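Below is one structure; the comments refer to it alone.
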């Protein structure tokens, strides 16, 4: 197995300016465009961790609460939280800012994407474990197991009864 | 409340050809691009149901199992499953096909997006209820409640103990 | 010769949202962008019929009567009308709709594109004949011959005097 | 009526490099992309003649004989041939060249687009007549009438029997 | 005059993946695309400093020594170096990395862009002075005067004889 | 060495319409987009001269004085000024015009780009000398040496004391 790497080594920052073609008729950023940007930013973080080509395996449910406007600056930060054999979970946070109005950046979203590292033929290949150092990294590392169980249950690849950590979330015995 | 409309009236079919800029270095469609296309297709279905501008409220977890190749034709079909006041859940199915190789279309994905209908000032506005007619539509209408609870729990806006239908999914008392 | 296929098997539906970069300074969809979308939609229909790579051979004259607005939903439906050795004629219809204003879809355009099926080296290759079933399909199948003659005359590859069916259009002996 | 202007004053030259997203899986320029570029180039020529916003009214039938390759340089030249009240016919010629292979430019296409000049509310507005000076300009000016009749017949807005100049093309009495 | 701000407050990091349409036929990133990305990244840094809309005033000469490949990750870091009334100089550094080959990031470029802050009518408006803190920031702050003189001389808006600091660069009295 | 070619044989004209995604929130063309267009136009001129693939080696400092508006037509003309072994300097001029307002074209920019001709492996390869014929071409040919020295000094590849022609610009002995 490849040598473990610190989670923070995969940190990737991406900045985008919201242009007219990214918006709906209310001049708000369309959700799908943001999902696209987040996927690229998170994929680069996973690539940095694995030093491999990566393919998106899943995105957890994402909600869009704050409207992001035409002309806003969108900043994304992605970092690997934990690795499982050939797959990596990436946590990504999103801020938007109307800079010319002098506003501070607002956190608008966060999401978990998972990626699989593959070789040149597209076959899964083992990746290094990610080492958590800060408190936030440790919390994300620990809870990654629960999110992985939810993904497997939702994809019909694990029985709910076997999702031990996930059941605990629902305060069940 | 506006008069109920049949779910099938919102049916929207979208077709895309996978071009070079949509792919990674393995010539596979990037997950984020597909999420973007699905958002546009599902948003049009929600618009048809509401006859209003709609904004993406959330996307449920999506997994990417089948690789889609450069040159493939991607077909998406979206339909509203159920409405809740100003929000609508849309179910979207995705197929990919390498036509020139004579292959049949393969179902590669499905997802649930939710949208909120808004007026010109961006304020939520009530939408018609969706009427299920086929067996598949009825099943999707019924299970929409459970998915809604999962979204609210995951967004921290409902306590797991209150998610009655969702708990049933985990076969708990 | 490959086995004939029903015309309706090639039916392709494409949906596009008119975005800012698709419009002129009056916020109307530019004609060239619509021609581009129609070419892609029609090419996919021809690919479905031939199960081959296809290249655009010609587009018949197209007129743009109705203005299509920014934010409108454009729906296109393309279907093969008739095959001639390695070439196929595709009929494509276009509707536009301002959904959030509650308007019904308006038919804005229709056109005939022709495609040639080619092998991996780009050489023309025979395609199945298309079988017309509905009344509209039968009418389109029959009139395809006349349109083909007009194309050949306009391209200088047939003498007007030889275009028997076409001359009939001009009510000449 | 505005003062007549020389046809050559509207001459517009546009150059494009064929990029990956413009090509099909044979690495050939897609026909629809070329139609899109030609529309923009021709529209600029019409704008120069009318000093007005213009909208595409029609494109005559176009055939694609020569394949244009990825990396080729496409050069287009457009010029107004004749004006009719608020509409203008534009003739556009297209060349492609694989420069790095040392090849000469090859003429690949030509087409006629028509545009209508409009005011800020989108209403048609009279344009100057175009004055033909060279032999080619005079020939195009003269034949414009015949093409206009063909367009009107094809659009169902003129009876074939009334298309006097057009009938002459078919060598009919 | 607005209160001075620390140079590092304008730090902006942008990450781009080199896609097929960004490359020439050797699969190398085209210089113009990189200049475009650098302009956006540097403009955001200037916006952060000024809290205003900014327009590009100039870019100093840029040389492209290292080829950047298709699939590489391009990282840019931009920071304001010094302000002059309504204009700001931004220093931007560029790295490229072929991550999946396990290569380290290589510094490929750096450039100086200048921007002018404007109000909603496009009129220049005063910006805060930038305070240098690190050694690199101090060196860039000091040398900004010399680069400004070179820009003015090259633009024909200052006589070479008056460019005192610049002349010193050429070791002249 | 390849046979010399006249400078004017490389003349390349490119026309672009400023679309919404090319503009900032003041509806002005972004500087980086213009730099991108200029690079493509100048690269095509260099390709025509060398009949080779070319890569951008540098762009001299460019200033943006005139704002170019949404909907304007941008015309660029590029021509090789002089060749040095495998590199070529290209001079490019830019005009913008609001045609529908009846305005004349305004010269907004000019710049010097340099390109290196390369073979299929990306190795520099000798190009023909460029022959100046008009007065402007002769002036540009002569001054190319001075600009080349400035580029080398700014890139740290020539000592200011050795830049004989450049020093003359600063009226120094």
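Annotations
Read from first to last, the chains carry the letters A, B, C, D, E and F; within each, the first residue is number 1.
As a working rule, contacts are C-beta pairs under 8 Å (C-beta built on N, C-alpha and C of every residue); 3 or more make two chains touch, one makes a residue touch a chain.
The structure displayed is predicted, hence computed values, not measured ones.
Counted as hops between touching chains, the shortest connection from chain B to chain F is 2. In whole angstrom, the spacing between the mean C-alpha positions of chain A and chain F is 43.
As a whole-number value, the distance joining the C-alpha centres of chain C and chain D reads 20 Å. The set of chain E residues touching two or more other chains comprises 20-21, 24-25, 40, 53, 100.
Which chains touch which is summed up as A-B, A-C, A-E, A-F, B-C, B-D, B-E, C-D, C-F, D-E, D-F, E-F. Chain A meets chain B in the complex at residues 24-26, 28, 30-33, 35-40, 43, 53, 55-64, 67, 113, 118, 120, 122, 150-151, 154-155, 160-161, 163, 167, 169-172.
Taken together, the chain C residues at the contact with chain B in this complex read 12-15, 17, 40-41, 44, 47-48, 51-53, 73, 99-102.
The residues of chain B lying in touch with chain E in their complex are 20-21, 23-25. Looking at the complex, you find that chain D touches chain E at residues 19-21, 70-71, 100.
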